[in-house]
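You will see two complexes here that share chain A, one where it goes with chain B and one where it goes with chain C.
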Partner chain A sequence: MIDIARFKPKTVYVIFIASTPEKIWAALTAPEFSTAYFFGSAIEIEPKQGGAFVMRKPDGTIDVSGAVVEWSPPRRLAVTWGVRWLPQMRDLPDCLVSYDIEQAGDSVRLTMTEAHQWDVPDALLSGGRAGWPAILSSLKSLLETGKPLAIKMQPPREMLEALAALKR
Partner chain B sequence: MDAVFKALADSSRRELLDRLRAENGQTLGELCERLATSGIGMSRQAVSKHLAILEEANLVATVKRGREKLHYLNPVPIHEIAERWIGKFEEARLQALSALKKNLEKRHE
Partner chain C sequence: MTAFTAAGAKAHDDPIIESDPPHRLVYGWKPMYKDLPDERMSRVTFELEPFKDQTRLTVTHDDFDEGSVMFRMISKGWPAVLSSLKSFLETGKGLAPSWDDEAQKRAATGA
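Presenting the complex of A and B:
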């Protein structure tokens, strides 16, 4: 069992979605949704605490992998999160990504928290800080209109430079 | 969206967002201390009020950790505004213009 208290939140994003907690839960955990809003990656997740978790790219390679830390549908999902698709990031300590889903009036508040167990430099957080708003906006658009947003993105240069510096 | 523009229409609140951008996850006390250190006069009550308005507009997200309340910049509503008026085709051109502006301004410094 991992010690959640060691992880400090570094990035916290909140989005309001006109939907239901159950639909948001389904969108977070089913590949037919994730491929639409998560840069094409399909989620594979074992629906239980301790279960395996993978985001797989369209070419079959692993984008992200980890384990389920909390599986409480439709309120809270937490997974350890290791970025595998960038070779320079494979050896970094996993972070903890959690989604909290709460009814807020006739809308639903979805909170994404990225927490780290080490003193991660800001430049390394820039990847998530560029990616998450696009992912969450696209998820919202998918649930509200049936269409995701078409967003193309490259890893930020400052993150790649910081990774290169870590190697040295 | 009205709440976002109203929240942004105040230089003190934009200053607070800049502070969180530079260092995410600060407590009210840390924000006040650092503002005072850099000679910006804002009372604790004023900072607290501005943070509440920013949180109401969903530009700031908070996390309770033990007895502390940590504040995080939430750029998602700004991203939604950008998505609404800046299409994916314009983005590359706008980035090029913004890089050009930065370079030209640097040369004049």
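Presenting the complex of A and C:
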């Protein structure tokens, strides 16, 4: 089992959604939802601690892969998270992505935490800091209106430059 | 920039620092709610960028002193306010203020 204490939170995004914890849990763990809001990637996840976790792109290649660290529906999901779609990122240590789901009045607070087990440069965090707001905004729209956002994004240049610098 | 609570009390009377509609708005931040710590004015920046038929709104709230209590408060408040703004624009209905117990109590009593 991995030692979660080694992972330090680097990016936290909080969003309130007019929905239920159960629906948000389904949206986080079912491919018919993830393909709508996660840049087209389909989630495959074994519903248990230690289970395999993959986000698969529409062309069948792997976007992200990891393992389930915590599976506590509908309150908390944590997975190790290795970005595979960018070749330059494949050798980096996996991070830990966790979702906390809490009732907050009429709506539900969803907190995404991206934690890292090494001293990751800010430039490398820029991808997640651009991507998570888009992904989670789209998830909120999908659950509240039935329609996700159509967001096209490229990796931030500062992240690509930082990756190139790591290789040298 | 002035703002009032639901009960009609003045909550903000802050200077506009920069206004460039509909791209950028910057104003000072020193709310007038009761029982707030006496801290100097901080600064809020809103940036709007079109993204096809959508808009990316980036809010940056900075210029706090080290250890600011207001910083901790706004860190809880903005996600709730901005989530509610998004719901309101997309569905016509905002979310109830419920980002923490204190805010819930204030909302309930109108204080």
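By our rule, the second predicted complex is superposed on the first by the 168 of 168 C-alpha atoms of A that agree within 3 Å, B and C clash if a C-alpha of one lies under 4 Å from a C-alpha of the other, contacts with A are read in each partner's own complex, and residues count from 1 in each chain.
Quick note on the criterion: contacts are C-beta pairs under 8 Å (C-beta built on N, C-alpha and C of every residue); 3 or more make two chains touch, one makes a residue touch a chain.
Since the model is a prediction, treat every value here as computed from it, not as a measurement.
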item	value
Chain A as common anchor, with chain B and chain C clashing or fitting	clash
Chain B versus chain C as contact partner of A:Val68, first or second or both or neither	neither
Touching partner for A:Ala162 - first (chain B), second (chain C), both, neither	neither
First, second, both or neither for A:Glu144, with chain B first and chain C second	second
Chain B versus chain C as contact partner of A:Thr113, first or second or both or neither	first
Which of chain B and chain C A:Lys8 touches, first, second, both or neither	first
Touching partner for A:Phe16 - first (chain B), second (chain C), both, neither	both
Partner chain(s) touched by A:Ala78 [first = chain B, second = chain C, both, neither]	neither
Which of chain B and chain C A:Ala27 touches, first, second, both or neither	neither
Shared chain A surface residues [contacts with chain B and with chain C]	13-16, 133-134, 137, 140, 149-152
In the complex, chain A residues that touch chain C	13-18, 104-107, 109, 133-134, 137, 140-141, 144-145, 149-152
In the complex, chain C residues that touch chain A	51-54, 56, 79-80, 83-84, 86-87, 90-91, 93, 95-99, 104
Contact set on chain A toward chain B in their complex	8-16, 111, 113, 129, 133-134, 136-137, 140, 149-152
Touching residues on chain B, where the partner in the complex is chain A	24-25, 58, 61-63, 65, 70, 72, 74-76, 79-80, 83, 88
